[in-house]
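For reference, the structure I am asking about is given below.
Letters A, B, C, D and E mark the chains in the order given here, with residues in each chain numbered from 1 onward.
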Amino acid sequence: MISPIHIISISLGVAFAIGFLGKNSNKLSAVIMLLTIGILTFISAQWAQAFYFGNQETVQIFTAGYKPPFSINLQIGVSESIIILLINSIGLLGGIYLFDTLVKTGKNAVVVYLIFIMSLNQVVLTQDIFNLFVFLEIQSIATAGLIVLERNRNSISSGFKYMIATGIISSLLLIGIVFGYYFTGSLNIADFIQANMMLSKGGAVALFLILASLLLELKPFPANGWALDVYESIKPGTSAMLSAASASAVLFALYKVLPAGNPQTFEIVLGFGLITFVGSNLLGIKQTNPQRLLGYSSVGQIGLIVAILGMKPFLGEKFTFIAIAIFISHFLAKAGLFWLSGIIKADNIRDWANLRKKPFLLVLFGTFVFTLIGFPPFPSFFGKWELIMQLSQSGYWYLVGVILLGSFFEGIYLFKWLGYAIKLDNVNLPEFNINWKKIIPVAIVGVLTYLAGYYSSFFTTGTEHFEKFFVPLFFIAILYFLDFLPNFVKNIIAIAGMSYYGYILLPGLYETDLLRFIFGAIFIVGGVLTLIAGFTYKGQRKGFHPAALMMFAGLGGIIQASNMIEFFFSWEMMTLGSYILIIRGKKSMPHGLSYMLFSLAGAYLILAAFGFTFSQNGISLEALKGLAFAPNLIYGLLAVGFMTKTASLGLHIWLPGAHAEAESDVSPMVSAILLKAGVFGLIILFLSMGAEAAGQNSILYLLGWLGAITALVGNTAASFQEDAKKLLAYSSIGQLGYILFAFSIMTHLGWLAGFTYSINHFLFKAVLFLAIGAVVLRLKTHNMYEMGGLIKRMPFAFIAVLIGIITLSGVPPLSGFAGKWLFYNAVIEKGWYFQGTIVFFAGTIAFLYSFRLIHSIFLGQLKDNHRTVKDISIWFIIPIYTLIIGIMIFSARPDLILKPIGNFLMPYFPTDALSWTDTMAKTRLGYWDGTWVMIIIGIMFSLIFAWLFILSRKATKVEQFNIAYSGERPERPETTHMAHNIYAGFNKAVGFIVTPNISKFWASASENLDGAAGYFRRIYNGNGQTYALHIIIYTLAMYLMIF
Amino acid sequence: MLKKGLILAILIGFSLMFIPLIQNFHGNDKLSDLAKYYTENAEHGAGAANIVTAIVITYRGLDTLGEVVILFLTASVIGFFLKISKSEKDETLRFSKLRKTSELLETATKALVPTIFMFGVYIFINGHLTPGGGFQGGAVIATGFVLMLLANPQFKVNHKVIEYIESLSGFSFAILGALGAIIGLGFLDNKILPLGTFGELLSAGIIPVIYSFIGLKVGAELSGIVETLSENQSEIEI
Amino acid sequence: MDIINKLLFVLLGLFIILNFGLFMGVSMRKIVARVARRNGVPFYQPWLDLIKLYGTRDQISHGIMFYLGPVFRLSGGVGIFLFMPLIFGSQYFNNFSFAGDLVLILYFQFFGMLGMALGAGEGGHPYSAIGISRGLSQFTTIEVPMTLAVISLGIQYNTLSISEIVAAQQGGFQNWTVFTNPFATAAAMLSLLGAFGHSPFNLVKAPNEIPIGPPTEYHSTFLGVLQTNAAILHVIEAVLFMNLFFGGAVNWFELMLKSFLIYFWSVFVGVVFPRYRIEQSVQWFLKVPLLLGVIAIIIYM
Amino acid sequence: MLYTISTLILSLIVLVLAVIAIIHKNITVAIIAMGTVGLFTSVIFLLLAAPDVAMTEAAIGSGLTTVIFFYVLNKIKNHDA
Amino acid sequence: MSYFSLEYIAMITGFLLIVLGIWAILTYKNLLKIVIGFSLFDTGINIIIVSIAYVKNSTAPIIDSAVSLKDAVNKIADPVPQALVLTSIVIGLGVTALMLAYVLKLYQDKKTLDIESFTDLKW
């Protein structure tokens, strides 16, 4: 193996020798430079491989033939080899990316770049503190040089600010080093660590200066204005190197020196890292310049990694994995994003909309954003997971909160940005050129994130059976690469895949776990049915199938999950897929954002709760049971987390827009199916809480009330909608309110009602959304008052909607009544009378919107422009009527489904079960026989119909306008179609229920956040002196806090 | 004014930070163990009479390499930072606004410059014996160069020569260092040449050789920096 | 009992109820007329109307749902009848009440309303839609006190089966719910006013402004079916209240007397009070009756 | 003792020059003062038994730095003219 | 030890120079003054390092006629910090030169040396 010292000799030899080349050899020198970095990469790869596969021991390299501390020594171990491998490879890619710029600037620039990379290597390798200082100086001077690769007013002034800042910082470092020498008599880091510098105050101050300046090099918030200016103004290729490569070297330097301190030192580093993480991400919210935004994000991420370094004492053996996983995510994603920003060349994140022209780049962009936030399957997901787990285990619960808060802030701006790129309506999309030298590094980094993610999974606890998640993901990846195929073919593949998935998953579940079987059936059968509707679409329908399948894979994963990481992994997969699905719709950009933010916040709450659980009972999902410590906090977090998906009141504002604006076949997916994921989560939660807890648990009581009020508000709001899909969306909120209420009851009957509601909601909401979606697809409008009389044109759709709303409103004989009946019994039995009354009130309000829906669209006056419209597409009719058959079976033989569920519930809720005599169900309070009701009503209806038919079979069919209209003919259909604001009176009476206080609350929350970000970022006034002052104040503040 | 007062207050607070350093500083009564080792092994270790030089070139040779790199880097950065494109390079503008140099200075320069160069070379060749070394010698050489520029602003340096000297010396430095690692005990091991007799010119292994390269390189680099800075630039849009 | 027998008794019951309903309707009209110092219609008028309507040959239809609307409506009325036990202790007149309890009846009311609303909707007349929207708005709030009352009964009698509720009230009028649970009764009786749609809650039909509300477009046989249903429904709702609050009936005479009085109550109020606008009635139901219902529950909690 | 007193005097001179270098309005004077700080510092270095450092400071810290300063200043002034 | 000693005075001078340098960096708007501030800052640090190297009544760490190999250990100043200072001075020169290059470019852009004019980037 080549000694790492030759990293320096080779690169310097080459750097010096480039001077021999003639005047016009810029290109040649750049190629040589790349080759050299290639050799460096090779050397580091060789070492990394030896460490990883060859059980290589850590090696010390002595210079000048003397042992330390008499001479400078280098050390290469596992971490060193990994870090320099990363630095060198990103250096190689960055060199390729910057190739043209470097060539244009000349061989001097080439040399500067090479030395820059070399210095980073040495910063990592050296074990001598003064040598570290020298190479840090080289690094900053090289950076100052690379800054002016972009030569404009801003870059030069920011370069000067950079020099001021690093000048002060490195001077402080030097003072620290020499006094360190005075107090320890050595310059070797190992000796520094050995000699307890904290013994004397002077030694402590010297160490403080060293650590503080290393920390300052990492741009801590708020002493980092200079760095932000640099990130914004320089060539993105250079920013990438600063954010990824430089930061990794300095981080490692900090990591090396940190043990010289005492535990308190670690805490301080941790604290300041977290301040940076949260503060910087908060200020990032207000940013619009992509590079500056990335700067904020960069600073924040590095802050997080610094904090993790500070957590080393209590992270235990997982420390290395956590640090590397989170670091590598930042490293790859940030480099990729900066490089992308160099390709796009836009000054405002809104202009990233033109990324859409190159879907390939858009996918890479999404990859990086999701990597940064910590979505699966990227390494940051696993890193963050372990971080939260270990932190909780060590009892640092509040740190979990802080970290998740910072991550959430980061999510806000990154997803805003991603939303702009995917969906912002932007007429002015400037062209941008594609240069393969710039694309290749981005693509490689993108691929690496996936590989790193896959690889990370091996280091995380509880991922032994992850192949069951990776196989579907692999299938999705293949589907993505087939994206060029027509929709028809891809849909067949997708349906085949889903069906196979269901085929291998469901039968087994039916035997073992009915709960999971029911939800699995809803997810997968529902998925297949809604996918069938996708055949309607012509063309390629790019990006739809991978996203849809990702969502379903996530849903399937939730069902299969046996431990918390599997659950959370799937949960996040589902969120990711559904986000992409939702944002595909028209005008869905803001809704996609709010969906994502609520999901993210919810996921973080779940993550925190899992962490706290893990710290007590281990990683299995069973661990949620019997928590000894703070169970209410954990259950509360989980409940709120899951309720972001079920859109309970207060957390619902994302839903109407997201569901309404989604595509016609996506709405049923996200409404009928996706919401059940939250329900499933709640069920898992409630099961863990246990039936015996039901009596005294105030969380359940609160949830019951919340469910009831959600139902009321959701349904009332639904009655006032003019938009058909919004109406259905609000209706979903209301229905999910029932479900939440039912499960909160925590009795046998309550749960039966909850299951019945869940199944019913799946059935009728899928029918309704599919039917309305299909109608919307034909009519190109969502507004109900623009429709009317369509029963004549779309009888199939009408019948579907009719059956849908009968089920929805719980009118006998269809299955909706089963839920209502169980509900009455459960409520009276439980004693939740008032909540129950509210729910029933909500139930009657459901009639209002049900009628409105069917009346405004299908009845009344047919509009002139719809006279030739065709019935809904056959591809919608197939799934709709399949579902209707389901409704009919459930209505006629409710015992077929309710009996097994009852048996399943017996172990959990042994008392007050339903007793069955044939088809008649009996409770303590009442009885009901669904089959007989169906028969009686059927016969009676037929008889009456026959009677009427005999009497008036000769009724003449009249024209549309032939109505009792004072002998006049109505002028236009619009004037006689009573549809707009149909419930004005009701609105006047109870409209106060739906005053959008909650939307206002969230709007003002986000405004305040925005305002705070805007206010606090004014500390960055652009003046280099102010930044210098920040550094001084920051150091002083740290000093005062420590001493 | 208020702002200045505030800054003053912060600065005073900042300075108080150093008080513990001064308080715990009691001067040295004897050498540190590290320095003692260097001194005791002056003859058989690096073999240089000037212990500072021994440390600079051998024990902490990597630092010195870094130092050289820093100068090299600065020269390179300034080189492309202040570079003017060919079209903008207007020779007639060059120093046109400088006052004419006096006859006296010109004559004196002609006499002085070779001496100064010689002196510089002396300093770095004797670096391992007497105070001074490559950096000081290089700086002296650069001073001579400055003098030449002052005396004759039209003086045109041959870039190629400077560049070659710089590259050659730097490259040799790196090669020597690597040789130490390959055939000796470590990078920049000075024992790849015999130590010779302690206190003589040709002693201390490769220290004099390296110091000479450093001297040449530093001289060339500093001259390069000065030269770049002295080139007049017309309005360059930046 | 074999099923044929059962069916026959059901039909008999239906026939009695229908005729009694027609009679009750015309009696009320007479009473209202007397209060307004008019003579009013002759007693046989409803039967004449019905025969005329069923006999009309000139019929038009606006479409299939328009056609089905009355079917739904009558099914709703007859359905409630079918699931309602009529005479306590009688083997013959408890219909198909084994198939469901109080909850079923409460929810089956909507069946007819929904069908009616849809049929009327297809008629394409704006007044129909206005009437329906008003009717639904009002009905949602009527249900609140009603629900509270039913829950209160459920707690009180620990059952939701109508037969058992009636059984619990036997043995003297002091056992009637109206005395044992006056608040629930009051709440329910107030909501009944809305359900019958007499003044002051008759804006739904708004007989002055728009011709008879939702069924604007209906006529001839269709209207006949609707009238039939109205007769049945009025009685059967009164019977429901009788069963729940007034001790049920052990014979047909008791049934007729009690249901007549219950029905009379709504007419009586209607004569006294002027009509509410829709938002007023919605708010009214959410005030006094709601409060009564809440009290009814609190008492039994 | 003699060394100590000379150091003290030199230190005072250095500080005074430094203050001049900072506050003097004329930038040329300021640069010269700064260069002189370097010179006197190198004498202090000599007193502190560091001839190597003294030489370096004199040649580089005082000499070359000042020269570079002047070159830049010169350019800036030329620009003004 | 007495505070009135060679190294102590030098060290305090060094610190005062540092503070003066920072004061210049923080308060003077002129870019050249800021660079001068850095130069003083560097000089201050160098003085401190050399004063740390000083051993009471010692001579230069060079073995020659004045200091023999034998008693060198007791006679010479600590050579290690002195070696560090050499590096520090050279680095200082590099940084100063680069900063001046920046100043020149900034001046050419806006024809002013006032640092407050270069705040186009902020927030």
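Observations
What we mean here is this: a residue touches a chain if its C-beta (ideal position, glycine included) is under 8 Å from a C-beta of that chain, and two chains touch if they have at least 3 such contacts.
Keep in mind the model is a prediction, meaning the values are calculated, not measured.
Here the chain-to-chain distance from subunit C to subunit E, counted in touching steps, is 2.
In summary, the chains found to touch both subunit A and subunit E are B.
Counting C-beta pairs in contact across B-D and across B-E shows that the higher total falls to B-E. For subunit D, the chain whose average C-alpha position is most distant is C. Taking the mean of all protein Cα atoms as the centre, the chain whose own Cα mean lies nearest is A.
Each chain gets a centre from the mean of its Cα atoms; for subunit B and subunit E, those two points are 16 Å apart.
One simple way to say how far apart two chains are is to compare their mean CA positions; for subunit A and subunit C this gives 53 Å. Note on chain placement: the centre of subunit D and the centre of subunit E lie 11 Å apart, centres being C-alpha means. One simple way to say how far apart two chains are is to compare their mean CA positions; for subunit A and subunit B this gives 54 Å. Residue positions 7, 11, 14, 18, 25, 32, 34, 38, 50, 52, 60, 63, 66-67, 70, 73-74, 77, 81, 131, 133, 135, 225, 229, 233, 238 of subunit B are each in touch with at least two other chains.
Residues of subunit D found to touch two or more other chains are 51-52, 56, 60, 64, 68, 72, 75. Counting only pairs that meet the touch rule, the chains in contact are A-B, A-C, A-E, B-D, B-E, D-E.
On the side of subunit C, the complex with subunit A involves touching residues 54, 57, 59-65, 67-68, 70-72, 74-75, 78-79, 82-83, 96, 98-104, 107-108, 110-111, 113-114, 117-118, 121-126, 128-130, 132-134, 136-137, 139-141, 143-144, 147-148, 150-152, 154-155, 158-161, 211, 216-217, 220-222, 224-225, 277-280, 282-283, 286, 293-294, 297, 301. Contacts from subunit B toward subunit A in the complex involve residues 7, 10-11, 13-14, 17-18, 20-21, 23-25, 32-34, 37-38, 45, 58-63, 65-67, 69-70, 72-74, 76-77, 79-81, 83, 163-164, 166-168, 170-171, 173-175, 177-178, 180-181, 184-191, 238. Note for the complex: subunit E touches subunit A at residues 18, 22, 25-27, 29, 31, 34, 38, 41-42, 45, 48-49, 52, 80-81, 84, 87-88, 91, 94-95, 98-99, 102-103, 105-106, 109-110, 115-116, 118-123.
Residues 4, 7-8, 11, 14-15, 18, 22, 25-32, 34-36, 38-40, 42-43, 49-52, 54-56, 60, 63-64, 66-67, 70-71, 73-74, 77-78, 81-82, 129-131, 133, 135, 198-199, 218, 225, 229, 233, 235-236, 238 of subunit B are the ones touching subunit E in the complex. The touching residues of subunit E, when paired with subunit B in their complex, are 1, 5, 7-8, 11-12, 15, 18-19, 22-23, 26-27, 52-56, 60-64, 69, 72-74, 76, 78-80, 82-84, 86-87, 89-91, 93-95, 97-98, 100-102, 104-105, 108-109.
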